[in-house]
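After this come two complexes, each holding subunit A, first together with subunit B and then together with subunit C.
So, the complex of A and B:
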């Protein structure tokens, strides 16, 4: 464990949006300097900090609870407040206005204080203080109430309304409209932002503690590029990772939330290593468009030997006349119909030249479609298997229970099943994406290595998967073998991911050029031609 | 109820005095009002025409903006042509949206804003994508996320 990770000196860097995730730190044996970036002092959730010897495909990240984030916000507010000489309430507004870029805020505040205050909704207006009071001859512009002893409130902007209306307004904003950080004065066109002192006066502590704080924290995370909410349903954690959008071509930043969900920090989709975000997006779009159509076309149609129009034979004889180019051919042998001579409607001429040439052409035009389907079917297969893995996982739990009772093994001794099941899920997830990735790979030596790695992993996974089908009483005898296979699977996965990640980072990836990708995607739609 | 009290006061005030070209057609309850507006100058797009506005108030009015749309009736057979008014009567105006609404606004000020929106308009056209929007939109005006990009009309 690198002890620098918890160092106090690096707290400032949490804010520093420009600190780079150093790509060169990716090597598994590189000496990581914990002071570099992204450390947040005073947090307890340090169980997710970088492991020693980070793998090439792993990125550094941390997981924070809403409480951590709230505490960190107030810490920053206190700090900046003393620098600017503004009360904490106003400082909080300023920081939110500056999207928590402390340095830039301080700099521009020193430079042109008036302007910054005005833009943040804090411009000074002498003589008014924010407090509740009764005003003689007052009539509220919102409810038209004009009782003598009406309590009224105004912020420094001087737009005064009765307390009831003000309260109603604020709770409406917070409860129904989900606003918090940038609620403005109810007055028409008034830019003044409601500060926390005014909120204390007007909004019940209940609402402030629950909804308001939650909303503030949400804005905070949304405002910062290095923070993202875990997308898992009902998960409350946020993840801090310094990988920038511009690095996403070369890094696949998979992070693991404390809730157990693994996702990509770049696009927040489920973990899709080794394929980079842009390919994932491309691939998903393509599959969404037409995988089923492509399957159907592949199974039920042929192309006209002359004009390549896709033709479905939905009945009738083998004598085909292309609707488009009027070419007449035989559906069976694809040869020119006129050459069939007298043997009409009974094709037995497989060896004829024109037929075999036409079939060759056919095969060629089918190639790219078949290529796509090759990768798609394997991708879809692993996706399906990954779904089944969820069932397996539940079955595993039952198996572990019965194994404990039948074989007299202890709880700890049956944990190998859970480990195996987890490894299986992880590996299938990776395998799935290797096929999408491979679709976009050029053919060269590196691709061969990649495919070897893919094959090794796939074989290991299928072997392990098979063992789960064994009856429960056989499992205890297979324990050692299963543990071996589990660690072998994991090892193969690490090798594959490391290798791919290193190539990707080094930029010597074997990915196709963008134009080639387009070509490929287009070619596998024969109906587009 | 706050909405009723405020609307009562507004109505009282409007019955005493109304700006030219704006008239209350019906205000029998505190939920739905109808207001007619006319453009006062001789803008050829709207000359000699009257348009009917339907105001729909929630119990949270005026904290919440009312829902305001143009409607067609036998006496007001047209939705005014305007690049921010869809042919189904839905109006794209920041004043009527959460962000632009202030509880200080009222029925009269909304009607006046719309009147001047028409007066200042020189384009005899509908918003881009009008047909598509009218065919597909199933949302109520307040739930639509308009983006207010055009401050020229």
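So, the complex of A and C:
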């Protein structure tokens, strides 16, 4: 194992030389992996890469609670408020109107104050329009009420409805539709945004305090490019990460929420390192429409040697006639049927020229399909295994309990099982995506290094996974070995991810050209030709 | 609102009925089935010109909820309709008839859905334009949507046959 490690590390040294593009190092912000490094003794050769606070595949991010976000919002409001000389409430509306782009707001406000105020629904000369009042001869378009002393309301746009209907409309928007910052006038096709003054008049304080504020926070996060909600169910945290959409080709920004969920900041799917978002999207789409079909085609069909139509053998006879080009050939040797002479419906011949040529062509056209299936099956297998490992994880706690009673170990001493289980999950997640990634790789030295890394990680993972299934009484004896394997797996994963991330970032990745990718994806649709 | 004797829904429906009778839109007839029940209307829609529905007269019924106009009515065609946005049982699936807030499919903007300022007339006009221009993004009848998208000729033929059958002519 030792020599193996050394060879890998020398490759890393080699790659390190031109990693000048690697992310700013030394930021201690991400606590991820921070204390695990201490456990990984005996891998000194790697320390050069491991020591800095952040590894090449990690990105800087912060997790915010809703309270933090609200506080941050009010801080910004205060700041801009003093610059614009507007009261905080009005500034809040202006900022929401400008989607929290401070600079642009200040600039355009200085430029054309009246227009901006007007557009944000804050116009000074509102006069008496946004008030509740009684109007003679009024009939509400919604409820048709026309009582003399009916209270009515309209904003500057003049779409007037009775107060009851207006209130109902607003609370429905806030409660049921989850709108807040940009509720529009109920009038048909009217784009006027309901401002906070009108809301104060019409919406109960209860609703404003709870739901409305929550929704404002939500719009704030939605408006900011550097903020995203954690997609885990019921999670209330938002993550702040400065990776821009245009960088996603070169960085895979996996972030870890306080709730424990790890996801990609770029596409909010589950962590898919090392594959970049664009490939993930392509891959998922391809798998979605193809995998079952491709499997079936691979198992049950051959292509016509002349026109490449995909053909399913639907009877026992080997004499095939292509429905499309009427080519007659033999299912067994793929040669033209006429060469079979009188040996009707049977093929015992070997090495006929036309047959072997046809078989070569057949093999070639099958290659891309088989290639896809190779990667897909491994991808799917890791997904499946991760699921099974997850089931085991559920049993881990019970195992830990029974290990405590049978072996007299303390709670702390059985924690290694949980650590192992976690590492297994993480590594399988990574492995799964290495296969999707590999599908899009060109054949070169870098890819070979990648595949070596992949192989090492996979072997380590399978070893650990196997140990995990041992009966409880055997586990206590395996403790040291399991801890070793766990940290080895984690280590291998770090190496693989670091290596890939550095190449990706340096833009000297081993990815196929876009046209080649298309070719690959297209080639496994033999019926399209 | 609370002071009036009649429920809001009835006042609204009576006014809408009056307006539709005084100034009926082209190709649309609508009104309550009987004076006793204003919550059930019958509707006749003419097939829009220049579409395969041309020449047909399509009967439908509209049912209004008790909290109309806060909640939208439902509309169901009574004869056979081959159309991407009409379920096989005749129910019309169109964004203007979907209650605000609920969009299980995520296809529609809130502004396209029902709001209390919409009227029966607006709904029926939307349905007519839906007949002319189906929306195949969220089809109610998947087979019809597929046919409409992939084989327009066959779709139009099938619609025309349906129209002829509904008029009692031989297809």
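Methods note: the second predicted complex is superposed on the first by the 408 of 529 C-alpha atoms of A that agree within 3 Å, B and C clash if a C-alpha of one lies under 4 Å from a C-alpha of the other, contacts with A are read in each partner's own complex, and residues count from 1 in each chain.
As a convention for this text, a contact is a pair of C-beta atoms (placed from the backbone, for glycine too) under 8 Å apart; a residue touches a chain by one contact, two chains touch by 3 or more.
As the structure is a prediction and not an experimental result, all values here were calculated from the model.
Of the two partner chains, subunit C is the only one that A:162 touches; subunit B does not reach it. Judged by the touch definition given at the top, the superposed model places A:187 against both subunit B and subunit C. Contact with both subunit B and subunit C is seen for A:143 once the two complexes are overlaid on the shared chain. Applying the stated contact rule after C-alpha superposition, one finds that A:501 touches neither subunit B nor subunit C. Shared-chain residue A:264: touches no atom of subunit B or subunit C.
Once chain A of one complex is fitted onto chain A of the other, the partner contacts of A:177 extend to both subunit B and subunit C. In the superposition on chain A, the residues of subunit A contacting both subunit B and subunit C are 141-145, 164-165, 168-169, 172, 177, 186-188. Partner subunit C is touched in their complex by these residues of subunit A: 141-145, 147, 162, 164-165, 168-169, 172-173, 176-179, 184, 186-188. For subunit C in complex with subunit A, the touching residues are 1, 3-4, 8, 11-12, 15, 69-70, 100-102, 110-111, 115-118, 122. Of all the residues in subunit B, the ones that touch subunit A in their complex are 2, 5-6, 9-10, 60, 62-64, 98, 102-105.
Residues of subunit A that touch subunit B in their complex: 141-145, 161, 164-165, 168-169, 172, 177, 186-190.
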